[in-house]
Structure formats: structure tokens, C-alpha cells
Amino acid sequence: MLRISTIGYTIKQGFKNIWTNKMFSLASIATMGACIFLFGLIFSVFVNFQYIVRTAEEGVAITVFFTDDADQARIDEIGNEIRGRSEVTQCNFVSAEDAWNSFKEDYFEGDASVAEGFQNDNPLANSANYEVFVDKVESQGELVSYIESLEGVRKVNQSEAATKTLSTVNRLIAYVSVVIIGILLIVAVFLISNTVSMGIAIRKEEIGIMKLIGATDFFVRSPFLIEGVIIGLIGSAIPLGALYFMYNKVIQYVLEKFHMLNSLIQFLPVKQVFESLLPIGLVLGMGIGLVGSVITIHKHLRV
Amino acid sequence: MITLENVSKSYAKGQPAVNDVTLHVDKGEFVFIVGDSGSGKSTMIKLLLKELDPTSGTITVNGQVLNKMRHRKIAKYRRGVGVVFQDFRLLKDRNVYENVAFAQRVIERPNRVIKKRVPEVLTLVGLAEKYKSKPNQLSGGEQQRVALARALVNRPAILLADEPTGNLDPKNSFEIMRLLEEINERGTTVLVVTHNREIVNSFRKRVISMKKGVIVSDEQEGGYVEN
Amino acid sequence: MITLENVSKSYAKGQPAVNDVTLHVDKGEFVFIVGDSGSGKSTMIKLLLKELDPTSGTITVNGQVLNKMRHRKIAKYRRGVGVVFQDFRLLKDRNVYENVAFAQRVIERPNRVIKKRVPEVLTLVGLAEKYKSKPNQLSGGEQQRVALARALVNRPAILLADEPTGNLDPKNSFEIMRLLEEINERGTTVLVVTHNREIVNSFRKRVISMKKGVIVSDEQEGGYVEN
Amino acid sequence: MLRISTIGYTIKQGFKNIWTNKMFSLASIATMGACIFLFGLIFSVFVNFQYIVRTAEEGVAITVFFTDDADQARIDEIGNEIRGRSEVTQCNFVSAEDAWNSFKEDYFEGDASVAEGFQNDNPLANSANYEVFVDKVESQGELVSYIESLEGVRKVNQSEAATKTLSTVNRLIAYVSVVIIGILLIVAVFLISNTVSMGIAIRKEEIGIMKLIGATDFFVRSPFLIEGVIIGLIGSAIPLGALYFMYNKVIQYVLEKFHMLNSLIQFLPVKQVFESLLPIGLVLGMGIGLVGSVITIHKHLRV
């Protein structure tokens, strides 16, 4: 139904609209850009938080204690069986002496005098164990059942409290991030709709004239749609690009400023964050641009 | 071609701008509409373009009843009507060429035709050189002639011209009016609103005279009627 | 009162819109400026209001050289000049009363004076009843008269009117022109750009005729000059 | 120099501008509102985080151990002296048995068999102590010196690691909040400036006409300034009001959703948050409105 020349005209007109109303287009792009930038920022922060919490969760080990009759050979066997499991990332043997030393460190904080009383009488003689680390917290439950079924294993400790706390924190962070991102999106659609409204308000007269000359609704509207999509794309591409280049710098800065974090946490590499952020951001920008203009056009262009 | 039956238009309570007007214009006629400032001439033009709907009465153009026309049909109807607005209504952000070409784009003329037709019409109104100027880079009379070119470019069946020579010098005015006469002779129905007594008196066409929204006289081969 | 010395104004390269014009108008004179569409009449009015600066030459009004005027002084200068613009330039979002009152507010007239003076002037141009209408609720001629009222309300020393009767019927046009004559007789210097041959011919004032930016004739008690 | 009628006109015109361009004003107010809302939200979240960290910090106790020759009478005396200090909020006596029990709980996780070996031989016989809590972490250093100077005190432990970690987290949170709020402010000024620009763009013609009629720069500008300030005030008052009423609801929701947090953290009362947020928000809104319009007017009104 549409002539090719009309389609060409429409697209050209979309770009021309942007160019003719440079200042206004800039404002729209900037508004969009600000929204997507904030979105990207918060997205990155929370993806990293999630990752850090994840890493911390993985750091929570399972401790495996042995029955009194398990000799060193059996203990080594158990170790090999545990290491054979695919979900196990690490399995360290902690001898009774190690356990006692680490206990003294932890509890008496180097206050030798108190510990002296036990000198030849390791109170933790029975506490040789394996510290087992898994790749995913979810695998933990299954692994524990498996290990418990092994001969020579007296007891498997999984620090439930710690796991629970972490997963609660994780959920809390997820909730907060969803709420903030949700609010941001509403704000973004709102701002864009306003910006498009103003754009249409500025051109209200022109649109009226076009209609009086016999332009159909579609003919008048389509350049605005295309304009919205283009602005959405540009307005999301720029802040995403900026975030991409800022990302490593910011992480470096944070690690420098807070040395002690270095050992504690690990950040996601920029590639991995942008694998999801880039498509989400672009589609979001385009979507906001399109939705913003469709809504507004529908509201204002009933001339 | 154009029939108005008991048409009234009130903008607000009080005196209507067009008051119980009944009128018939045949296909191919040339009609002057004259009258005091504020007598309802522009309102009548706006009614014929369906820019406004009448408060009461029926307007029929080319067999179509405007009052009952569906929203989707309005654009198509307007494409058959060329209009010169009293305040020009040019697209401010486009140059002369694009302003005139716009009327052709609307009816989906191919670019090839547009590229030939637009310069032709601009030459006709004496603006061939100014095709690149934006409306705010034109003098009053030049803007008026762009508006005229835009109304003519589609060779409409009906031409409505609201004060098309208000900003033109007498020589230019006569030339433009002679152009409209020529277009009329080729079959277009022409309605011209004007205050130019000299022109009305020298062209000897049908003259409809309005006063306070009412048609007070309607003469074939008439002259400017002083109220 | 008004002196132009070798004034030129080019908008772009090529033919200047006003070309080496030298002109003197005395205090209290009444001058018609006529000429083809695009001959530079409006440009001259814009130069006199310092809306535009000349490309070369000197414009002196009331002893002040416009070219050298400091930014801070421009507003004050303009307050002494009443202008009717060819395209009216009314404030779209204010009603007739506020449009006219605005010129008074600018010179910081107290509200008491404004309330008396504005209705007076609106009555003078025949728009007393329409004081509450917005510009887009007025006919072309009515808008033109609001523009005139705004130019007159401050009783300026100089009145520049660009085509002040282009949208008015002959009777109204003559009345308005007689009003300008009366104002001129009370001491205001009046410059009127017009295409209205009848009016120019019947008023027998000084007539300056322009063509392509150049003054081609300048007659006391002249008539409309056909180029 | 200014007539009263002119001032009146200017103010009236400011309000009228807002009313005449309802849609545009709404857009400005909404933009402003969105910025201030986000600002208030993040402000509240971080003020609360700071508060929570503070509370946690206060939970870090000083532990006071006694010399072997200090008898119960002397220990009671020391307790009274500590309690006499104004910065001390709590001072609990932990007997050697209590310490051992809590140690067993902590370390053996109720695994009675291991602990049995020590049954009649409390390895922590020497570890009766006071747990002292202070109102502010800053007071801790001074208090420790004081307690150390008391007779019968063998050793004062302040858990430096914990304190350091917390204050690092605190600093990190402060940094993040300052950065996010900073970005938000820049975004806000930017958006407002754009909005004002568009407002001026819409009225460019009108402004040009006013100038040609002889209006001074000041006469043309001042309604825009007043408009900016009014929009700023309304645009900050509304989201602040919304936050005020949402605050308690959100906290309640969070506490309900995460029962376990109930015991861990405590939120600031809404009154206390708004004591600083309200004036900061309003001044910010007004300031942004004013700055936004001043900048833009200066840029665009040189007619």
C-alpha cells in the first residue's frame, strides 16, 4: 500500500526532525541517556554485589569429621572420593594440630598464657577434618548426603547460619535492586513521554498544518515513531559506551582506595556484565523511545 | 459542487460567526466572497475544509456530506481541495521547495513527478529563485505566493483562497488573480475571499457579500459591495 | 528625526535587500513607503527598530546612532517607537487586553493608567468588545487592529506601520488610515508601508517608492507609483 | 527603581507562565520530582545503612580480663567503676563457666563428645570477664586506657579487626552514596536545564516579540526565574511528601519480608531522616530550579 518513496520520505523525515530540532533532540537523548546510565550503573553495582555474595557463599565450606576408627589410609580414601565429585572445587585436609592452632589463633588471639594449660593435651584431638568447597551453593545439600553415606565419616558440618544469612542478604539486595531499577524505568518512560509531548507541543502547529493539507494520521505519525526509536537507540548507546569504558577504571579506583577489599571480594569482568547489560540496555532504550512516542502520539495527534 | 444548507457556526455563546447561510456553487464557478473584517468569511472557508464543523446545517461538497464524514476519510477529502490560508500556514522548518512538495508527498506522488512539478508551480508564482529559503527568510508577499503555490501544485478540483493578495502589490495581485482565473477556466472551482475592491470590480465575477455572518447579497458579474 | 545614510542590508551574498539607501524624514512627517513584493520595505522597518543591523551605512533616529547603540539602551529606544508588524506578532498566549497592556507594562505604567488607557485604544480601533479573546480567536483583520492598538497605546514619537490594512476591508482601511493621519497631526512621525493604491492615491502624502532595495522615487503629495 | 506594580506583574506572570503552559510545567515538575524522589530514596537508604553500621559498631564490645589476684569483690568494684563512665551503655559480667559454655556452643556446635574431655577441667578458667558496650566507637580508645589503668585488670581486648572492617564498610558506603547522589544531582541540573531550555524554545517567538516592544532583559527574564523557583519548590515538595508517607510502609514491608533482620538491624525513625532530608531536598529543588533557569536564560535570552 505504501510507495517506496513514501517510506523513504518517512525515514528521512525522522532523521531530519532530529536534526532540525537539534536542541530538542539533544535534550531527549540526554534524558534517555541519563536514565539508561543510571540504570546501567545500578545494574552493574548490583550484578557485582550478587557476584560478591555468591563468591562469599562459595567460600563457606563443608567440614567433614571422621570416626575414631578411621585411620589415615581411610581418611585419604575419603578425600579422594570427595575430590572425585564434579561439584567439588577444593578439598583440604586439616589435621588435629592445625585445627587447634587455628582455634588458638581465633579464640585466644595469640594470648599464649591461656593456651599453655593444654600444651601437651590437644583438646581438639578428635577434630581432624576435611574442608570441602563446592562450586554452587545449591549442590551443597546433595554432596552432604553423599559424604555422610561414606564409611568412616562421623559427621558433616555445613554452616547453615552463615549460608542462610548470605542468601537472605542476597535476596534483600535483589529486592532493593529490582525496586530501584523498577522506579528508574517508570521515571524513564515518564520523562521520555514528557519529552516527546514537548516535542509534539513544539510542532503542534506544523502537525495541524500537515493535516489540513491532507496528510493521514499515519503519514504525520510515522516520522515521530522513527524519531523516538532513533533517539532511544542513540540515548542508550552513548551511556552504555561510557559505562563500558568507566567500568574498569572505577573498579581499579575502588580496589586502590580500599586495599582490604582486595582479598575479600572479586569484581565481575566488564565483558561478562555487558553480555547481559548491552542487549538489555539497547532494547530498553529503543522500547522506551517507541513506547514513549506511541503513547504520546496517540494522546496528542488526534487533530 | 458545493452546497451549504442553513449552516451556522458559533464559536461561543452570542452572535454566531456564520449565521444560517444557504449557498450553492456549481462546478467550475469563480466566486468572490467579500465583507467586513470579522463577518465570517474565513470561518466559511474553514467549514468547507472541515477544519471546523458547523454548529447546525449541512455542508455537501462533491456529493459528500462533510458533517457525517468518518475520521479516516477526512485526509482524503482535503487532498482534493487546495487552500491558501489567510495566515499562510507554511511549515516553518522547511524551505519553499519542501513546503510545496509536501502537498505532493501527501498524495504519494513519486519523487520524479515532484521534482518536475514543484519548480513549475514556483515559476508560475514568481518564486523559482527562492526555492531554498525558509519561510522566515521571505517577505510577506513571497510567503503568500508560496502558500498559493502549495494550493495549486496538486491541481485540485476546488481552490479556496483566503485573502491571497493581502500582502501583494497591485501589479502582483492582478497577475495572481489572472492565474486563478486561468486555473478556473481549466475547470477548477475557485472561491476567493478578498478585500481588494479594484480586483473585484475589474474581474466581474459572481460576488457574495457577507455581513455579521449573513449573506447580504449574491450577484453574478457583480462589483464590490459597500455595506 | 530619521536619517539613513548609504544604508545597505544583505541577508546573504547576492543582491542586498536594502541597497545604499539615503533618506531623511522630518519630525511630524507622514510618509508612505510603496514597492513590489520583496523590494525591501519590511527590511527597512526592521532596520529602524534595530531588529536588524545594517550591513553598512548609518541610521540616526532622534539624534541616536542605532549602529552604535549599547545593548542596554535598545529596550529604551524601542519604547519610543510604535510598530505594527506585517505579521502582527501578537503574544499568542495572552488575550487582546493583555497584548495591548503589555506595551504599557514595559514602560512601567501603573495599573491604574493601564486600566483606563487600554480600553480607550481598543475602542479607537473598534475592538472594545473583543478584549477577552486570544489572538487565535480573532479574524485576520481583528488581529491586525490589535497590533495597531498596541503600537498606539504608548503614544509613541514615531509610528512604523508595515502593511497595517492588508487584512482589512476598504471601509475599515480608510478609517484606520484616517486615525493614523490624526495621530500624525498631533505630532507623531508616521511611516506606513502599504500596497493599497486607493489609499495612497487619496491621501496625497509623501510617497517613497522602492524597487529591489533601492529608492526609485520620493515625492511630496505623491500617488502610488507603478513600476 | 522597580515599580511595585511591575514586581506584582512579574510574580503574577511567573505563576501565569506555569498555568498557561500547564503541560510543560507539569513536565518540569515531574522531571524535578523524579530527581528529588530518587535523591530522597537513596539518601534514606544510605542514612539507614550508616545507622545500621553504626549500631553494629556499637555492638562490638570491649572485653576486660582480670589479674589472678583480683577477687570477686574487686571485680564487682571494677564493674561499678566502668558503669560509672558516661559513655558506657552496658557492662555485663561473664563468668569463666559462661565463657566456656558459650565457647563450646560456638566452636563445637553442640558436639558434646569433643567437649567431654574437659568436663571437670575448664580450659578457660582464667577467662572471667566484663563485656563493655559504649555509645560511640570514638569513645572506645579513651575508655580502654582508663580501664587498663584500673587495679586488678590484666588485659583489655578491643576487637580491632571487627571495628576496622565496619569502619571500612562505612566509608565505602559513604563513598558510593556520595558518588550516586552526585551523579543524580548532575543529572537533575542537566534535565532541568534542558526542560527550561525547551520552555524557552517554545516561547522563543513570544520573547522576541516582547523585546521588540521594548521589554528589558530583566523584564523578560524575571518571570522565568520565578517560574524556575516555583517549579523547583513544587517539584521537590511532592516527592518529599510521597517519601515521607512511604517511608514507614517500606520499612514495615522489609521487616516483614525478612524476619531475621528484625533482631539484627534497626531503622531510623522517619522524623529523624526528614529533619535533614526535608530542608536539603527543598533547598536543592529550589536551587536546581533557579540555577537551571539562570544558566539557560543566560544562554538563550540574548535577543
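Chains here go by letter, A, B, C and D, matching the order in which they are written, and residues are numbered from 1 within each.
Following the convention adopted for this analysis, a contact is a pair of C-beta atoms (placed from the backbone, for glycine too) under 8 Å apart; a residue touches a chain by one contact, two chains touch by 3 or more.
This is a predicted model, so every value here is computed, not measured.
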- request: If every step must land on a chain the current one touches, say how few steps get you from subunit A to subunit C.
  value: 2
Query: To get from subunit B to subunit C along touching chains, fewest steps?
result: 1
- prompt: Counting only C-alpha atoms to place each centre, which chain is farthest from subunit D?
  reply: B
Task: Quick one: report the Å distance separating subunit A from subunit B, using the average Cα coordinate of each chain.
output: 63
Task: Could you please state the distance in Å, as a whole number, between where the Cα atoms of subunit A are centred and where those of subunit D are centred?
output: 24
- prompt: In angstrom, rounded to a whole number, how far apart do the mean CA points of subunit B and subunit D lie?
  reply: 67
Residues of subunit B engaged with two or more neighbouring chains: none
- line: Flagged in subunit A as touching 2+ other chains are none
Field: Category of the chain touch graph - line, ring, star, complete, other
entry: ring
Query: Which of the chains touch, listed as pairs?
result: A-B, A-D, B-C, C-D
Field: In the complex with subunit A, residue positions of subunit B that touch it
entry: 49, 51, 75-79, 81, 83, 85, 89-93, 102-103, 105-108, 110-111, 150
- request: Please give the residue numbers of subunit D that touch subunit A in the complex, ascending.
  value: 23-24, 26-27, 30-31, 34, 37-38, 41, 45, 103, 107, 109, 111, 113-114, 117-118, 123-127, 155, 157, 164-165, 168, 171-172, 175-176, 180, 183-184, 187, 190-191, 194-195, 197-198, 201-202, 254, 257-258, 260-261
Message: Considering only the defined contacts, which subunit A positions touch subunit B in the complex?
response: 2-3, 5-6, 9, 20-21, 205-206, 209-217, 219
Query: Across the complex, what residues on subunit B touch subunit C?
result: 11, 34-38, 41-42, 86-87, 137-142, 144-145, 162-163, 166-173, 195, 197-198, 224, 226-227
